[in-house]
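Chain lettering (A, B, C, D and E) follows the sequence in which the chains are written, and residue indices restart at 1 in each chain.
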Amino acid sequence: MRDPRTTARRLLLGALGIGIWLALWQWSTTGGPLSGTAGLPPATDTLGATAALAADPGFWSTIGETLAMMLAGLLAAVVLGVGLGIAMGLSSRAFAALDPTTQFLRPVPPVVLLPLVLLVVGPTRTLGIVLAAFTAVWPILVQTLVGVRGVDPVALETVRAMRLPWHLRQSSVILPSALPNIATGIRIAASSALMLAIGVGLLAGAPGLGRSILNAQQAGDGTLVFAIIIWSGLLGLATNTLLSAGERALTRNHGPREELAA
Amino acid sequence: MKNWTRAALGLAVPAAAVAGYAAATTANPDPFFPPIPVMLKRFADLWLFEHLPTDVVPSLRNFAAGYAIALTLGLLAGILVGRIRWLKEMAEPLIHFGRSVPPIMLIPPLVLVLGIGDASKVFVIALGAVFPVLLTTVDGMRQVDPALLDMSRSIGLGRVQTLRRIVLPAASPAIYGGAQTGLQVALILMVSSEMVAATHGIGYMTMQAQATFNAPSVWAGILLLAVLGFLINAAFTLVRNRALAWHTGRAAAYAAA
Amino acid sequence: LTGCGSQEPAASAAPVDYDCANPSPVGQPIPVTFAANAIVSNGAVYAGLKEGFFKEHGLEIEIQPVANVSAAISSVQGGTTDFGFATSVSLFQAVDSGVPISVVAPFAGIAPNYYENMKNGVKGYTTEVTALVAAPGSGIKSPADLAGRTVAVADARGQSELTTRFVINEAGADADSVNYTVMAFPDSLNAFKAGQVDAIFTVDPFLSQAVAAGGEVISWPGVETFHEGPTSAIISSNKFIESAPQTVARFTCAIQESNEFANENPDAVREATAVAQGVEAATLATATVPYFYSTADLAGFERFAGIMHDFGFVTNEVDVQSVVLPRALSNG
Amino acid sequence: MNLTENDPARPVRLAVRGLSKTYGSGSTANRVLVDITLDVHQGEFICLVGPSGAGKTTLLRCLTSLMPPTSGTVALDGKVLNGPSEHISIVFQEYTRSLLPWMTVEANIALPLQARGMSRKEAVAQVEPLLRSVGLPGTGRKYPWQLSGGMQQRVAIARALITEPEVLVMDEPFASIDAQTRLELEDLTRTLQQERNMTVVLVTHDIDEAVYLADRIVVLSKNPATVQEIVDVGLGDTRDQITTREDHRFAELRSHILGQIRAAQIRGAVRV
Amino acid sequence: MNLTENDPARPVRLAVRGLSKTYGSGSTANRVLVDITLDVHQGEFICLVGPSGAGKTTLLRCLTSLMPPTSGTVALDGKVLNGPSEHISIVFQEYTRSLLPWMTVEANIALPLQARGMSRKEAVAQVEPLLRSVGLPGTGRKYPWQLSGGMQQRVAIARALITEPEVLVMDEPFASIDAQTRLELEDLTRTLQQERNMTVVLVTHDIDEAVYLADRIVVLSKNPATVQEIVDVGLGDTRDQITTREDHRFAELRSHILGQIRAAQIRGAVRV
């Protein structure tokens, strides 16, 4: 459906953006204001180390660990966040009952809960999953709520008049209409989930990339630390690309979406 | 729904949770799960007077500065990225890369550049909170009803005017959603940034309590953060509800009671 | 000592009939988990594993890496792991908070008479594991000069802060006037080089790097505070001790044997730690290996607890005897 | 001409009793409907006319229980309604917004059948004949936003008809449709109503249309709306676009109703 | 009756040349407009009629340059349009969707003036007289979603009129408005057009309305749309709801156009 030239343009411009950023990084750490700062490796060294990691099969299984925690947490968060979001968006009763509690829980930083959760489940994959889910559920909940409330009231009234059963109402109106918002929520949540999946390794020694960073940090290997950071960024990039592709497929027929940009 | 039913419903869930916790801690005492009165007393001792000026106020100052920067930058960048196609294509990979990097990881290198003072903390808070704002701005702007854009072009609204009067208001529910998520991220980072390379702050205090197995203090910290978060969130909701009155009003016009 | 409501009595040590010298065979090895962070101080366990001391006593150990000591203690008390590594400071803080754990075996510390030997300039006693290094050009010559300055320590209200405070006070300055900022060792080294902090509490290999960068060691806070004695211990939860006394006994024996082996073979310790950290053996070639106690030094523990109490690191006086398993006090 | 007697042969289908509706409250309260009482009989075709902004849509929304009235009740077959009934189909005035943009035309039309538990495939199979009768053959696979306004309106009509409802409520259903198609759809609606003995309540601004279609015409006044008059049309059950419209009674009714609306308008204007 | 000669006294305002429009491409291509050529003169009132789905809205969108045609051009005063011109005001068919729900009625109407750089206060001051002339006095502070459908449509009309445009393009502007108000708005439009020498292009399905308002009526055929006929109305410049409609030529034109649309309908239907 999309013009191959547009795709080429996107790739090219995207690469250009990354190129500019790398050039800035390289310049600032070698000749620029940050040169000589210990612990800030130049781009070239970091990219070398990043590439070297790709050849290490052990590193791939570490990535697998992190991804597994993130995905499981995200999945739980999607189920919970979308479910609660729809309930709270549609029923003023559910909203009244749950809103104060979510308002109270939402700002609790997951890192503070870490010691408590650690107590119950230990430095395991479950720890990562629980904390990833706890962080990811909020953006999904908020955006689902926004989406559900944004459903065209006329459309909503239409299906009420049809007396669509609950599941049909969800699948035919609420979800499709709220989908763009939910997708945004999931995309934001995915990076939070990833952050926590890595964070639990860093702060509590749960398996995955975080533990690798911890080890690299304890060994004082700044270049390796940055290489792993780059990998976590790439992981986020890949997740996002997948999620947006999924979102586009799902909202393909939502109407003549006009490109705003000239 | 009547106000008191709303309040009663809203209190039911936390009340049940508190009662459940109280019952569990009496039946099964555990040093990490102190009884509620102990928690509350520690809360009062720690936060109400002694550490308020030295730890709470500076934390909140960092939070406010970081969040304000995030809102401004996120909105500006979101608008630019959302409207200028080449910029969007150029920045998109970087944005998604950037927001995937756990901000906590960047604190040590940031300390090297900005020092252990507040600057690095404000920076990290801004960095983490900017992405939800930015992304929802971009996404919200895409969801404008094309009929409105036609209208806008036909009455001769220029690009800036269309943005200000049509696109942003239409995107505002989504943007407020993103700003709310950014608020949470900012709170998380306010605490996290004080757990690394800090000499004071709520996060520092709480982390210290955790490291020394001072469970009541940990809980007091959680409680403080929850209360602060709640209040900040409530203030935010107030602003949002005022700004989006049309949105809720329109929905309510159709909703059955 | 009594009157400390939070302090549980020691694990009731039902007499266990197990002799370290005569390891009784088991059909199936008993699986146990051990929470530890991969640092040289834990090296004895890594070396002991390699030497087969645990297998000999019918144990099959799985090491759960944790980020820090409090995580290890948490996971032990929560029952996620059976045993764990703890610094004495964290241990007493945990006990002070009513965490029901006990010492099942002695572990790394400062060798007897170390402080004496150091003062007398005995060869081989010029350095110790932990050091305070002042930044070049900071004008800091002694801990007393730290007043009003910023020092990077490794943990909040932990051993690093305690010993730093102790030496500053000893030097006649006000320890409260110092800003203690918490940073991981590598980070504090970088911050030190970037001039962000005035002094750092550090260990090797960062210690040698800091000195190479022009830093000056102004104190050896560990040894100057404690002089000698066990700075760490192997712990288990009271619940586990009660439910599996046999297993605990076997574990104690294996640790004691590992400790003795480690003291005789520091190179083996370095090597095993390097493997555990996943780094080149050369990285740790010059790392200082601590002394490993084969019996628990009650007097040492008591002195530590006293210092902690003096500095307000614990609220009550800790009844040390009640948290050390009798078996850990004897050899075999 | 104010003939409101009930026809005893036909049972009452929809009974509206003392219905009032006020939007908002306090200083912003907007009293729209006041004490509307009305019986709609089985198989009857009612047209609802009145000035723009009188409260016709509001009345339909209360009638179908999409919105709770401020006071009064609506009963279907003697049972007071507490929510939309599956026996009532509705065509909304804001038809472009009542079609789901992410569903094809056929999926939109099939939806009410799915609501009754029919499988999607089965439901979709029933769509094409209906599309043909509203003049949209072969458009089933398109999306609503690929259709013109009038075509979308017809999709909305088809969706209301697919369940073969007992009661059909339509809010200006032919407003955006060309004259020719409009005549055809009028006849379609009237024929279906006769065949199925369907009860129809239809809002229109086209007086000719009202007279042509209705058994009785309800004229609403404005600000707030009350039933100003109920007119018995009495043009017989079978109507014809040519002969019926040439009937002298047709012209009479037409100018009578126009006069009524004008009166309602003025009454309203004075109160503003 | 096919009178298409230009009136040399009036310069050409809008010149449409060989305009074609195809939606989509490849297998889903939908050829809607083919080779439309048309001149609209200054001060002329054109009504555009044709079957539903013919392409009237599409033509208006191309005419106003809201959408680029697939081929052909539209020129305003001899200059080819490349984007919406500020001299042209539009009333959209989807009027409910073209009002901004976050702005009050008066803010919505004042918006085009603000687009021209007027301060908000000044712009809002001009709103009330206009609201009165579309029959909505005192509604300025309400939100669009607090109004009925027909009221919203009148708000959209007021918004189009506020800039005193030289060219006014309206897509079924009176579709949801009651008969009485409709007559008034027809006269208002016609009067303004005469007074200001405004050029108007208006789409309607109401043939009577087309004949009553237009100087010329353009009939579009269907699938794809071409100009089937252009009819010169010739009822003079001043019209009156009673005398004009009683004119024998009125009835003649009326049935002629109806026949044309029927023909267009059938031509289209064959091609489906």
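The rule we apply is simple: a residue touches a chain if its C-beta (ideal position, glycine included) is under 8 Å from a C-beta of that chain, and two chains touch if they have at least 3 such contacts.
Source: prediction; values computed, not measured.
Q: Which chains, if any, touch subunit B and subunit D both?
A: A chain counts here if it touches both subunit B and subunit D, which gives A, E.
Q: Of the chain pairs A-B and B-C, which one is connected by the greater count of C-beta contacts?
A: Looking at A-B and B-C side by side, A-B shows more C-beta contacts.
Q: Compare the CA centroid of subunit E with every other chain's and tell me the farthest one.
A: Relative to subunit E, the chain whose C-alpha centre sits farthest away is C.
Q: Once you find the CA centre of subunit A and the CA centre of subunit B, what distance in Å lies between them?
A: Centre-to-centre distance between subunit A and subunit B: 16 Å.
Q: Hey, how far is the Cα centre of subunit A from the one of subunit C, in Å?
A: Inter-chain centre distance comes to 38 Å.
Q: Between subunit B and subunit E, tell me the centre distance in angstrom, where each centre is the average of that chain's C-alpha atoms.
A: Subunit B and subunit E have C-alpha centres separated by 49 Å.
Q: So which stretches of subunit A touch two or more other chains?
A: Only 37-39, 115, 119, 154, 157, 160, 202, 217, 255-256 qualify.
Q: Residues of subunit D touching 2+ other chains?
A: Correct list: 23, 66, 83, 94, 97.
Q: In subunit B, which residues are in touch with two or more of the other chains?
A: Answer for subunit B, listing residues that touch two or more other chains: 32, 108, 112, 195, 210, 247, 250, 253-254, 256.
Q: Once bound in the complex, which stretches of subunit E touch subunit B?
A: Going through subunit E, the ones touching subunit B are 61, 64, 66, 83-86, 88-90, 92, 94, 97-98, 100-103, 111-112, 114-116, 143, 145-146, 159, 163.
Q: Inside the complex, what are the residues of subunit A that reach subunit B?
A: 9-10, 13-18, 20-21, 34, 37-40, 92-93, 96-101, 103-113, 115-116, 119, 135, 138-139, 142-143, 145-146, 149-150, 153-154, 156-157, 160, 180-181, 183-185, 187-188, 191-192, 194-195, 198-199, 202, 213, 217, 225-226, 229, 232-237, 239-241, 255-262
Q: Inside the complex, what are the residues of subunit D that reach subunit E?
A: Answer in residue numbers: 23, 30, 49-58, 93-94, 96-97, 135, 137-138, 146-151, 154, 172, 175-182, 205-207, 258, 261-262, 265, 272.
Q: So in the complex, which bits of subunit C are touching subunit B?
A: 6, 68-70, 73-74, 77-78, 90, 93-94, 96-100, 150, 152, 155-158, 179-184, 186-187, 190-191, 194, 196-197, 313
Q: Enumerate the contact residues on subunit B facing subunit A in the complex.
A: 1, 5-6, 9-14, 17, 32, 82-86, 88-94, 96-106, 108-109, 112-113, 131-132, 135-136, 139, 141-144, 146, 149, 167, 173-174, 176-178, 180-181, 183-185, 187-188, 190-192, 195, 206, 210, 218, 221-222, 225-226, 228-230, 232-234, 237, 247-248, 250-251, 253-256
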